[in-house]
Structure formats: structure tokens, C-alpha cells
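Below are two complexes that have subunit A in common, paired first with subunit B and then with subunit C.
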Partner chain A sequence: MQEHQISKADFEACMKCNICTEVCPMYEVNPLYQGPKKSGPDAERYRLKDPAFFDSNLKFCLNCKRCETACPSGVKVADIIQMAKLKYSSSTHPLRDTALSSTDLVGSVASVFAPAVNFALEQEVASKAMGLLGVDSHSVFPKYASEKFVTWFRRNARKSQDSFGSQVNYFHGCYVNYNNPQQGKDLVKILNACNVGVKLMKGEKCCGVAMMANGFRDRAAANAASNVEMFSKVDGPILCTSSTCAFTMRQEYPEVLGVDNSKVKDSIMLATKWLFEEVESGRIRLAFRQDFRMKVVYHIPCHLQRLGWQMYSIALMRMIPGLTLAVPEQECCGIAGTFGFKKEYAGYSRKIGSKLFENLRSANPQVVATDCETCRFQIEMGTPFTVMHPLAILAEALDIEITKELNETDN
Partner chain B sequence: MKEYDVIIIGGGVTGAGVARDCAMRGLSTLLLERGDIADGASGRNHGLLHSGARYAVNDPEGARECIVENRILRHIASGCVEQTEGLFITLPEDSLEYQAQFVGKCRAAGIDAKAIDPKEALRMEPSVNPSLIGAVVVPDASVDPFRLVSANILDARLHGAEILTRHSVEGFIKEGVTIMGVKARDLSTGELKQFRAHYTINAAGIWGAGIAAMAGVRIGMLPAKGSLLVFGHRVNNMVINRCRKPSNADILVPGDVVCVIGTTSDKVPFEECDNMKVTPEEVKLLLEEGSKLAPGLASTRILRAYAGVRPLVADDSDPSGRSVSRGIVLLDHAKRDGIYGLVSITGGKLTTYRLMAEMTTDLICEKMSKNVRCTTALEPLPGSKGVRPSGQGLGSLAAFHRHGEDESKMDKDSEVLCECENVTRAEIAYAVRELGVKDMNDLRRRTRIGMGTCQGGFCMKKVAAALSEELGDGSKAEEFEMQYARERWKGMRPVMWGETLREAEYMRKMHAKK
Partner chain C sequence: MKYDICIIGGGMSGTKAGVALLSRKKRASVCILSAGRTLNPTSREEFKRLGGDIFDNCRAVSSVMGENRVQAVVTDNDIRVEASAFVLSTGKFFSRGLLSDMDGVYEPVFGADVEFEADRSAWSSEDFFDPQPFESFGVRTEGSRVLKDGNVIENLYACGEILCGVVDVDKSVREVCRNIR
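Moving on to the complex of A and B:
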């Protein structure tokens, strides 16, 4: 008698099985947090009756989406919680949260004064000042690069990109632009060797994930609308090296922010997924250095797992002959973007991460690989290991000359 | 043997209201209920506190009664009433002329009805059918009937009334033409007991015809079944009515965390009153018509279906028995039938229960030459005096929404057992201690336990164990669990598709006997 029987975020499909509660990393370490089922579908019914039922402890939700990955009924548990937070809560540290959420604005200022900013960030006085703002004093902030990725690209790479056999678009994101331009350079190096040109898009804005996490719904939605508009003007795939940027732009834009991305969604993908599929279909061929040796443990970021795309990064690394790869049981690292940098949450964040740290320590690799920059921060803070993006490993392992030849002859 | 001033037969809203009024006026009062309080029509309706607007065109007197009582209940039963306000919407197939007439008649009855721009209506209530061409705001409200009955019973007890549930009246103590009391069987022990009183009040709803017959009095009653559907969550926050001649399935009421569409209206034989079934045709009609009020209903999970019986009374002035008398029917059987000591109160509406009780108690006081004024319109009910919860957390807040200031009588930091409805172990203990709970269904009516999305599937075992422990008889847990599963299953069966079917299957697997 009814064709569909689901409302927004599918919350009525919840059978109350509590599998989501079982996989929630915050529920395990924090008795104040009621877990995804109670905070999401259960409490939503009460919030619809009276907003007084909004529980401020929803702030503990990491938005890691493990609940959604686990849900056998397809309920978008974390989306329900995010929407409730955006609708009913207000920030307790407005200045800090504005700063932490403005990854693009802060980044563009910081990179101009990068040496000074990096120096200052290392000083005790800075850590005290941050403490006053509500930033955890044990956190190690990512350094800022003195030359932004886009500046490097304009000076060194842009002109030659049209000369390659085909082109892709690259959404570099804030982290690559301001903190780790090398990750973008690695992608350009790999793709160029494969006879693929890289194009940046005019008007790229921060994907907005940090704004959403800090309660700035309208700013995030404005960025989302602008990015979707920009994507609709380009041809070809739009590659991301950050799993969280990709996840946010594909899933969160329509589900949480209500920004329709249906026309561009399929084009937005992770660079490792695109590259794997090109290699798999024979359009791209990779050659690796004979002398390359590395013992790697791969950490699956929660958001990448929600996309179901971790296998592409794994498969790509498995192509490297000298690389031994271990993939332990997926655990949340606990950082959740800007969450773990906040004074009031840092303890929980580290507690959640401890299981992962333990796993990594017992595997004792040379390098930990992961696709997410904030997982990287957390692993670097919590373990002695070097952390690399899978593409950085690939760039190091690739025999550039032979790869170039292989792909030229094909064209 | 103790002789009461009054015995009231029936623990629905009418009987509970009469018991409260009698007790407050100092009469020694006994109420006998065959099952549990509010388990007849009082617990099987929309939960609509009428403004009277629905009756304004056809029954101005009923409309006037409603608006007066509506205002009183907002005050004395504030803990049971949610001041949602209501909309009467005109759809393209309805007539705006009717709307104009409707507004005029409402105003004449003293109901503050205001025609507003359809766009404004959409802003006030986003779930409303966007194709509406007219809208009128009226002071309708949502009332929780379980809470309302329970609060009246509780207050009656606080004023000295005795309440006996699971006592089925089997006959009267009759001396000549005078009723001297009743014979009732205690259903939990099987014992037949006698209770004497100066006056007996028949407030048994549709079952009142049978009660009257035991006294040798005939009341012509026409059982009319009304079926309703409960949805999984609130789609609307205002009551939504169709602005047309009252018809089937044209009221959607938000009630607590759900919303309810209803009703149908079909004559049923008396034999069916104890076990009504909702038919597929009724479900289809409710869904089709309901979706015209709020299109969102067409894709919202239905939790269950249920039906109640309206106690329609045949008009005494029509010998054919076919025409129905509207409004409140108070029968003084001494005058009407020459049977002394018996009064019947029936007809009426949930909204006018207090007035019905006042009229009945006035009559009894007159007969007893007692000159005591009715104060039920002035004194707030228990649970309607609170300002904020005393405890922290969702369990306390939810309990406060259900029990008002009495939430403070519950232990703090108690474990939540029913996660859908935030019912704690402490609330269960309170309900057993103070609200006369004897089994799982009683507990559901007092606390909403198991009324949520999982229909008890998830918490039934824990709750059954906790309840039997609170009742001091741990051996009953399994019996309670099965009782509850059967009762929930019955309501789910007519709407068992989609998510409800999945939930039901899940429930069956978890609770089926091995």
C-alpha cells in the first residue's frame, strides 16, 4: 500500500539491533556518549517532538561513519546526528572553532609566514596560548609550507600539462595546498609519467568538512554549492588525494548539507581508485624500481571505508614488487579532523587511537600508509612511525623512465 | 459490610473523571474496572483535544461544550495536553464556501477560528499538503488519553477513592426496584465479591448497555468502530483536519513522539467490541485520505493499527432506535425507568469527559441533598503542576513529559530499559508503586514502554523481568513477555509490510518459543 517507507536519512529503517553501538569508537571510551542508535534514530523521534530533547553530548560524535558502514538497514545514523548538531547546538569555543574550521583562510595566511608560523607553533608560549583558546596542548600541529602547492604548480607544471595524451582534474584540498604540497607533486609526477596531464580547477574552495564539524553549516553549504558549480564546468574525472575531501563532496554535500551533487558525484573520486582502474583496464602501465624495498602497514581511514574504496589503495600498493603490505583490522584513529585538537576531546581522541597505535607497534613497519591527512597527524602523534600517502610510496617506487616509455609507446 | 456513597463502573476517562469529582466532593467512592484503566475507547482514539471546530457546523451545542472544556483542560491537565493548535485545510476538491461558513459557525460557538493564507499555513506546518487552497487556524490540541485517565484515577485515589481494576461486574444487588450495589468478580482470584453503595454509576462506555441490562434497563447503543494508524514518528506538529463535512480519515494528530491518522466509522455487532480487527480496506482508506492531509504519510513507516468503539446512544425520542443522540447522555434511571440508585453516563467525547463527570456528580449530590460545588475545573491534575524535571538526562526529561512533577518521585540515574521511549527502571518501579500497574499492558499505558519503533522487540525481555521483580513475583517474566509479544503483534499485523514487516520478523525470531 505504500511504495516507499522511509523518511529523511532512512531513520525509520532502524531495527534497533545496536550493531552501530557495537562499532562506535566513542561509545567504547566515553560513558557520557549514548552511542549512535540512541543519539541518532532513537533521539530523532524525540527531537521532532521537542528540541529540548537535544542532548549536548552529541558533540562527542566523531562523524567517523563507522555506524553507517555497519548498519544492516542502511540507516544514515551519523548523518542524523550531524544534522541534529548543526540544527540545535552552538559552539562553546567560537574563536577556536572558527580558526580550526577555516583551513583555507588560516592556511593561506600561515603559508605566507610559514617559517615564522612553524617556529611559533613549536614554542611553549604558543602551546599555552592555544590552551587558552581551547586547543589541546599536547597536539602537534601540521607544519605550513612556504610555497603553496598552487604556486608551485603554476611555476613548474601548468604549462606542460596539455602536452600529455589525456587530462584529469585535481582537487588538491587545503592540506596539500598549505601543509603538504609534496603530496600534490607526487600525483603530478606519477600521472605525468603515465602520459596523463593534471589540471587544477579555477575557484576551488575548501570541501567544508571542518566547517561542518565545527557547526558552520551555512559556510560549508556555500562552499559546497560553489564547488559543485565548478565541477559541473569541467570535463573528465575529478581526482582527490584526500579520502575525507572525496567522501565529503560525494556523500555529505547532498545528505547533510542538502546540496545536490547528482550531476558531478560520479566524477569525484579518489586518485588511487582512478589509477587502479586505469591500470586494471590496461590504459596505463606502471613499472617499478627493482631495488625498491619497503615494509608497510596500511591504515584504513573510517571515511574511506564508508566509501568502500580502501581496496583500491591496497591493490595499488600490492602492485609494487618490493613492498610487503599488512592490513590489520580497521580501527578508528580517533582524531576525527579537528576534533582531536580540541582540549576537551583530546583525551578521548588518544584513548580511541590507542588500539590502532598498539596494532601498528606490534606490526612494526618501516612506514605506515594511509589516505587521510588527519589520520596521519594522529598516527604521527601517537606512534614513532613515518606516515606516507599510498601515492607517495608509489611515486618513490615507480621507475619513472620505464613507465614513461611504456605509456608513450601505447599512445 | 462497608457501604459506599457511589460505585462507578468503568475505568475509562468518564469513570475516572466521575471518580475524581465524587472523591473531591467528599463522597466515599469505589471504581470497578473489568480490565485496566483506559483499555477501551478511552485508550483507542486520536488523542485529540477538540476545539469544537469539527462540530461547529452540524452540532453547535457540542462545539460550545468542547471549546469551554478545551480551555479548562489546557489549564488543569497541562501535563497531558500539548498546545499544538490545529489547521483546517481546504483542498482543491473542497469548497471555499464551506470554509467561510465554517469560520462563521466557529465564531458563533465562541471558537477562535482564523482564516490564513495557505502559504502561511505551509510555513506553520511544513508537512501539510502544499496544494491546499485555504486554511483556518483553530485552538485544537493534542491530549494523551492514557495520561489523562491515569491522572484522574491518581487524583481520585489521593482524595480517598478506591480503585479496583480486574473486577468484572456480574450483577447488581437489587432490593425491589432499588439498586443497592454490585456483584463483581475479582478476575485475578476468581472470587465473587459484593460491594454496597447508595448510588451506582454506569460509566462503562459501549459495555454500558450490557451493564444496564443486568439492572433490567435498556439503553439502545450502536457500536461504531473507528480505526486508526500510528506512524513511527511525528510528521506534523499541528493537528491537521480537512475543512469539509466531517468524514473518514480526515484528522491527523501529533501525539507524543508519533502521529495518528483516523478514523473510519463502521457499525459493528456487540460481539466484536471486545476484539476488534482493522481490515485491509480500512488501512487503505486511512492511508489514502491521510496522505491528502500530509503527503509525507505515504512514505512514513506505520507502527501499528488499532480500533476503538464509540458509545453512540440511540435517541430515546426515536422509537425506531436508528437516530443517534448527539452529545452527552446522562440517564437517571429512577426517572426514566423506575429503577432507583442507578445512573448512566455515556455519549460525549474525550474532550468533554470532565463536564460529563460534573453533570453526573451534580445529579448524585442533588439526590443525596449534598450541597458541594464542583472544583474539578479549577484544581490541576497530578502531573500538571511541574515546571522542569528534577533529574538529568533524556530518561528524566521523558519521564517529566509523562508524569510532570511526579518525575521527582523516581530514583535518579536509573538505567534506560526501553530505549525507543526512554523509559527507565525507576519509572517502571514508580508505575508499579503508585499507578496500579499489574501487567505489561498496564505498564505500556502508564509509561509508553514498548510503544516505540521496535514495538518492544528489543526491550521486552528486560522489561518483563524488571516488572515481575517489581511486582514481587519473579516467576511471571516469561508470561509477561509472551503477553506483550502477542499484543504488539496484533497491532502490527494489519500493516505488516516494509520496515514494519522486517521489525516483526526480527521480533518473532527473538521471542518465538524454542
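Moving on to the complex of A and C:
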């Protein structure tokens, strides 16, 4: 009977158990939001009859996907809500939403003037001006790097990459390129030490998640089509360090944007998954510094949990001898990409995050590890802790010389 | 991913089996593949406290078989878990541990032997308050080990609602723990 099902996102399969409402972080703090079941499968029946039934409070959905993670019947609750939002709603702050969603365009301009932009973002005048645009004045924006990751790569790494035993492709994403090139450098450092070369792909575009979240369906779909086309031209695995980029390109492209990625989907994966599997199969060997000590709490990003690959980051960190790791129950940080930067939502965003902040404070680690860049912004805004990507921790703990020797002898 | 014991299904019986196994075998590495949300936070937390790993949002969809043995299970998001023993605790129809169509009832991960009425019209009773025959459909076992094509799979055990007949969940969990060496 499943074959004859015609609706998208399996919404008929919903049996109204409400477990999605139970795990929805927005429903918990905001009485105006009706929760995923009502906003998704329930209201979809009405919307199909008449678009006038569209409820503008769907704007509160974070698209964190916890509802889908919880659903026992495989209903893509958040996809239903996303598609309804993209179809029926219009932006209340078009200028701000365009700016926030254009992570690549804004990034490439800002990184040219990085010192000035970073200085300006710290000034009170700037936060007031942004307040007028609809950006929350308490938000701390990520800094822009003066040298983009791709520029660094071209100048310092590209030439040597062919000399390694094998090659992988790296989808760096906007955050690594404009805000935190170090994360990309760390990956190159780890993989090169393992005798693996890194290749960047020609014409990489923003994965489009911020555009989708801000209602720009067509722009997101254009980026998606272009990225899928680019992936189909390369051989070997396509690694991401951002859990949200990977999630978007694997799952949201076909399901929300209708862009077919079936030919490349299996190659798109997280760098943590790929690296762990190489190590487990013995193709790569890692050696760690004896003097490395670190107390880490790992925060599982919601989108990583939706991918179901959180265990790879955990398993990699467990390999490091001097590292003590705690993994509390997964909580949503509340930022949801650009959502938490918006004036009208920032209060909810912080309220959702407070549970996570409390957990982190009581664990009192040296470092909070997380794979998601926006979770990182939120944790940095809400707690005093240093936040690092699991691979950044790995890069710091790795004994590069011995790792190089271990992996050379094999070839 | 490699573990000593891999439990498939993170519901009531799966998490209870996890806690029971880790309490008995303190050095064993045990993981649970859990699709969807676990409804029993107490045994979930206890399992984690004892050192177990929970793979949240990972649904086992297929298995790699050797000579009457399970070598690995593969999840819907492409995770391969190898273990020396597996516990099947995926529940009945609601959790999709059992699937049905007009012709029969199936266990999707291993294709295990399932006991059900051949006559489709005898699956349910029209009176809602009658005992419903489909409630006792489930996987066949011998000494808590799962049968496939009439043969015992040596390292696959089952507990909880997925079993056929009238199920005593706690008893089936205890039996699995006793039988896994």
C-alpha cells in the first residue's frame, strides 16, 4: 500500500502520537507555536484544501528536525513545515533576511575588509543600526577572517596535494571559508599527515541552508543544482566538516528543494565518519601526543543527530588517550542558524539554549566540542567556554611526525 | 563500528536488556541502535551510565550474514555495526519491527521466521474488545535464539514484543542475558 502513497514527506503515516510535540524545543518555550504535529501533518490537510489556512506562526519552527528524529512512523514533520513556509509565507524583514541568508556573498565582501568589519561589528553604533534592520542587539557575530580558506589553500597547500597516496574532496562551506579557515586547515593537516591529499572543488556554492531558512527557495534550489552538478564531476568521497552542510546536501536537497542528488548522495559524508572508518579498517593509523590532556563535553548538534552520525565524532575523540569525554543528553541550543540573530526570535532562542548552557556549566569542561558552527556561536554567546570542532581537537592532539611515519610505511 | 554486543531497537526491552547485560558483563562493549525516541528515560540513562553507547536515530535495515551467524547490521544512514552477539528487540508493528502486507508478516532486518495466521481474515477480530490475533504474531525463537528458514541463528537473540505468543518482556530479557555468553 505504501507504493500507492502520493503525498510528500509521508504525512499520512502520522498517527497523532504527539511525541514530536514532546521533543519540540520551541513548543516548550513559546505558547504561540502549536508544535510540530499540528503545524505539520495536521495543518497540511487544511492547507491542501485552502492556502488561507496557512498559519504565520509556522515561522517559529527552528527546523531543528528533532520531531523527525523522534517520529516512530517516519513522517518528515519538519520537511512538511519547511515546504509550507517556503510556499506560503513572505518575509517581514526582506533586507535583513537577504543579508543573513547570503552567507557566501556577505562573507566574500566582509573578508576583504575583515579588520574593519570585525571592528565595526563590535561597536555599539553597529548593533543599533542592525537593531533597526531587525537583528538582535545582543548577538555576537562571528568574526571574519582576512585570508579566506580557499586563498590560504591556493597559496600554501594546493600544489603538494597530488603527492599523497590518495585524495579526497573537501566541501568547506561558507563558515570555514570566511569565518574560520583554521577548521579547514586542521582537516588538511590531519589528512596530509595520514598520507591523504585534499582537493577543493571548482565552483563550490553555499549549501543553501540559510536561504531555505529565510524563505529564498529558488536561490537555494539553484545552489543545490549547481553543487550536485559539481559533485557528479568528481571522484572519491566528498567530505564536510559542517554537520548542517552535510545534512542539507544529503537530505534537504531532494526532500525540500526537489533537487535529485541520488547519484552523489552516498559520497557526501562527514569528515569524522570517513576518517573513523579509515582508521577502523586499518587503512589509516593515528598517533597521539603523550602530553595531551583535555576535559571535553560534547554537544550533539540537532542536525547531526538527524543524520545519525554523532557516534563517529564521539568515537574519534575517544581514541585520544589524554582526553576525558562527557556526552550529556542531546539538547537543542536554540540558535537554528540565522534564527537566533533575529530580533523577534532571539529571546526564544536564548530560552531554548538555557537548558544546554546549564548542562555545560555543571559539567565545567575545558572545552566544549561540537560539529556545528552555529551551535558554536550560541554556546559562545551563552557560556564562558571555548568551543572546538572535534577535528580541531584531534588536530591538536595528533603527533604529526609519528602519524606521518605510520602512514608512509604502508605505501 | 565494532562492539561485543549490539542491541537492535532502543525501546523498553532493548534498553532493559542493555542495562541487564552491562550489569553482568562489566567489561563488554554494548551498543543500542535506536530508531526514534526512547520512551523510557530511566533505563536509557542507566544504560549510558554503565558505559553503553546509544546510536540515536539509526534504524537497522539490513544484515550481513555468515554461516548461520550474523556478522554485521547496516542502518538506514549507512552505519555498519559488527558484533559477536546481536539482540533483536525492535518491537511489533507500531515500531516497524514487523511489517505486513496483504500476504504475510515479515521481519525486515534479518528475514527471520515469523509466526502468523496464513488466513488473512483470521488476523483480526471485528469486535474491537476481543483479543486480536495479530497481537500474538512475532518472531520464532529456540532458547531465545532467532530462527531463520527453520535454522537457529547462533548469535542472534530476541526479546520483548517482537516475540510470538504471549510475551513477558522482563522474562524474555532475563533469558537473553542468561543465554549470551
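Assume the second predicted complex is superposed on the first by the 405 of 411 C-alpha atoms of A that agree within 3 Å, B and C clash if a C-alpha of one lies under 4 Å from a C-alpha of the other, contacts with A are read in each partner's own complex, and residues count from 1 in each chain.
What we mean here is this: a contact is a pair of C-beta atoms (placed from the backbone, for glycine too) under 8 Å apart; a residue touches a chain by one contact, two chains touch by 3 or more.
Everything numeric here is computed off the predicted structure, so don't read it as measured data.
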Clash-or-fit label for the pair subunit B, subunit C on subunit A: fit
Please indicate which partner A:399 is in contact with in the superposed arrangement: first for subunit B, second for subunit C, both, or neither. neither
Partner chain(s) touched by A:69 [first = subunit B, second = subunit C, both, neither]: second
Most subunit A residues touched (candidates subunit B, subunit C): B
In the overlaid three-chain picture, which partner chain does A:28 touch, first (subunit B) or second (subunit C), both, or neither? neither
Of the two partner chains, subunit B (first) and subunit C (second), which one does A:380 touch, if any: first, second, both, or neither? neither
Looking at the overlay, does A:309 come into contact with subunit B only (first), subunit C only (second), both, or neither? second
Contacts of A:358 with subunit B and subunit C, given as first, second, both or neither: neither
Nearest Cα pair across subunit B and subunit C, whole Å: 5
Under the contact rule defined above, give the subunit A residues that sit at the interface with subunit B and also at the interface with subunit C. 1
If we count contacts the way the header does, which residues on subunit A are in touch with subunit C in the complex? 1, 19, 22-23, 69-72, 74, 266, 280, 305-311, 314-315, 327, 329-330
Subunit A partner, complex, touching residues on subunit B are 232-234, 237, 254, 256-258, 283-284, 287, 296, 298-302, 394, 397-398, 401, 419-420, 422, 452-454, 457-458, 497-500, 502-503, 506
Subunit A to subunit B touching residues, read off their complex: 1-7, 11-18, 34, 37-38, 41-46, 48-50, 52-53, 55, 73
The subunit C residues in contact with subunit A across the complex are 1-2, 35-37, 39, 45, 48, 53, 55-58, 75-79, 94-96, 101
